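After this come two complexes, each holding chain A, first together with chain B and then together with chain C.
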Partner chain A sequence: MKNNQAELLEQLMEVGFVLVETNLYLDTHPDDERALRLHNTFSQKYKELECIYEAQYGPLKFTSMSVLPWQYVDDPWPWDVDFGKCRC
Partner chain B sequence: MKDKENCIYCFPPMEPYTRLANAYVPFQIMDKVFSPKEALMKGTLFPELHDTYKKEVYCK
Partner chain C sequence: MWIYEKKLEYPVRVNTTNPTLAAMIIEQFGGADGELSAAIRYLTQRWSMPIGKAKAILTDIGTEELAHWEMVGTLVYKLTKDATIEQIKGTPFEAHYVNHGKALFPHDAAGVPWTAAYIQSKGDPVTDLHENMAAEQKARSTYEWLINISDDPGVIDTLRFLREREVVHYQRFGEALCLVQEHMCKKKFY
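Showing the complex of A and B:
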């Protein structure tokens, strides 16, 4: 796996995690404007990252579009990625 | 209540109507947040919820 690809995946996981946290927080604090702004900022960021990733490396989800041949089955599978190698 | 540092009742202040023998969870108010990288590594976005186990406290 290319370094840039792994880096993008890491960023997606990081921003995805922030969204899980803001989601849980907003469930109990629906009127917290600052938290909502934070969530929306990262939601936008997540979409951008997804777009950049998918344009270069193919679909992240089965609902995404693909060029021919169908790219969703391409290697590496999520469990085959050694993220230990790309972390400092 | 003597030692403010170890006092679990002092922060945040409880509402006046709290009753004995009932359990309450203090209401979280978002303050600063970790960066996405730090959050994923620490397992929480919120510094106030980041509590690492300290050997000297939990392993006597």
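Showing the complex of A and C:
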């Protein structure tokens, strides 16, 4: 796996995580306009990053398009991604 | 329906090979207060929730628990994938190895297989949401004990993330409980 794939994936995961948080918060606070604006902003960002990632490395979801052959089957699968050593 | 996303919720970094630690972390893969129990518990309770907000929170937290189950499985996998037989022998992972090799299997740290008896679904939303709040606290405690016995910085980072999510879920379930109780009180005056 090329390093830039892991880096791009990690960026996508970071933005995706914001959506996990705003999603749960909005479930119990559906009238919170500030939270909804945050969600919508990051939803847009997520779509853009997902588009860039999938164009280069293939579908993250079965609903996405692929070139031939179907790239969804390509390694690495999530548990094999090397994010490097912990810098913590 | 569900759509799988080919990514982890949070990066799992493992710096070492450590079958002993893997055998302890498997507690959260197939133990009573683990991620599989959490996912099945919340996703099962959804049908008897009275309001949309509660159905939504159970659906979305239940789904996130499946992503956590995948992360815990990835911790166990990365801690054992390069282990030699010599590194496995004499560790608590040896008992897992003779039955499952290096495959994942939902059992707890003591080898007890996962069972639906770990969860409850009572058809009473107040009861179920209390059960879920308790479950989040029990999982948080388990992550704290796991952090205490871990010496791999990557593993600790992942466990800290998972512990923090338990705190957030507890908060959201508490809010859902208030919303359900408000809804039930309202109904009495029809």
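Definition applied: the second predicted complex is superposed on the first by the 84 of 88 C-alpha atoms of A that agree within 3 Å, B and C clash if a C-alpha of one lies under 4 Å from a C-alpha of the other, contacts with A are read in each partner's own complex, and residues count from 1 in each chain.
Note that contacts are C-beta pairs under 8 Å (C-beta built on N, C-alpha and C of every residue); 3 or more make two chains touch, one makes a residue touch a chain.
Small disclaimer: the values here were computed from a predicted structure and weren't measured.
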item	value
Touching partner for A:Phe17 - first (chain B), second (chain C), both, neither	both
Dominant toucher of chain A (residue count), chain B or chain C	C
Partner chain in contact with A:Ala35 - chain B first, chain C second, else both or neither	first
Partner chain(s) touched by A:Tyr25 [first = chain B, second = chain C, both, neither]	both
Interface residues of chain A shared between complexes with chain B and chain C	13, 17, 21, 25, 28-29
Touching residues on chain A, where the partner in the complex is chain B	11, 13-15, 17-18, 21-22, 25, 28-29, 32, 34-35, 38, 42
Interfacial residue positions of chain C with respect to chain A in the complex	3-13, 15, 53, 56-57, 60-61, 64, 70, 73-74, 77-78, 153-154, 156-157, 168-169, 172, 175-176, 179
Residues on chain A engaged by chain C in the complex (per definition of touch)	9-10, 12-13, 16-17, 20-21, 23-25, 27-30, 59-63, 72, 77-79, 81, 83-86, 88
Complex contacts: residues of chain B adjacent to chain A	28, 30, 33, 36-37, 39-40, 44-46
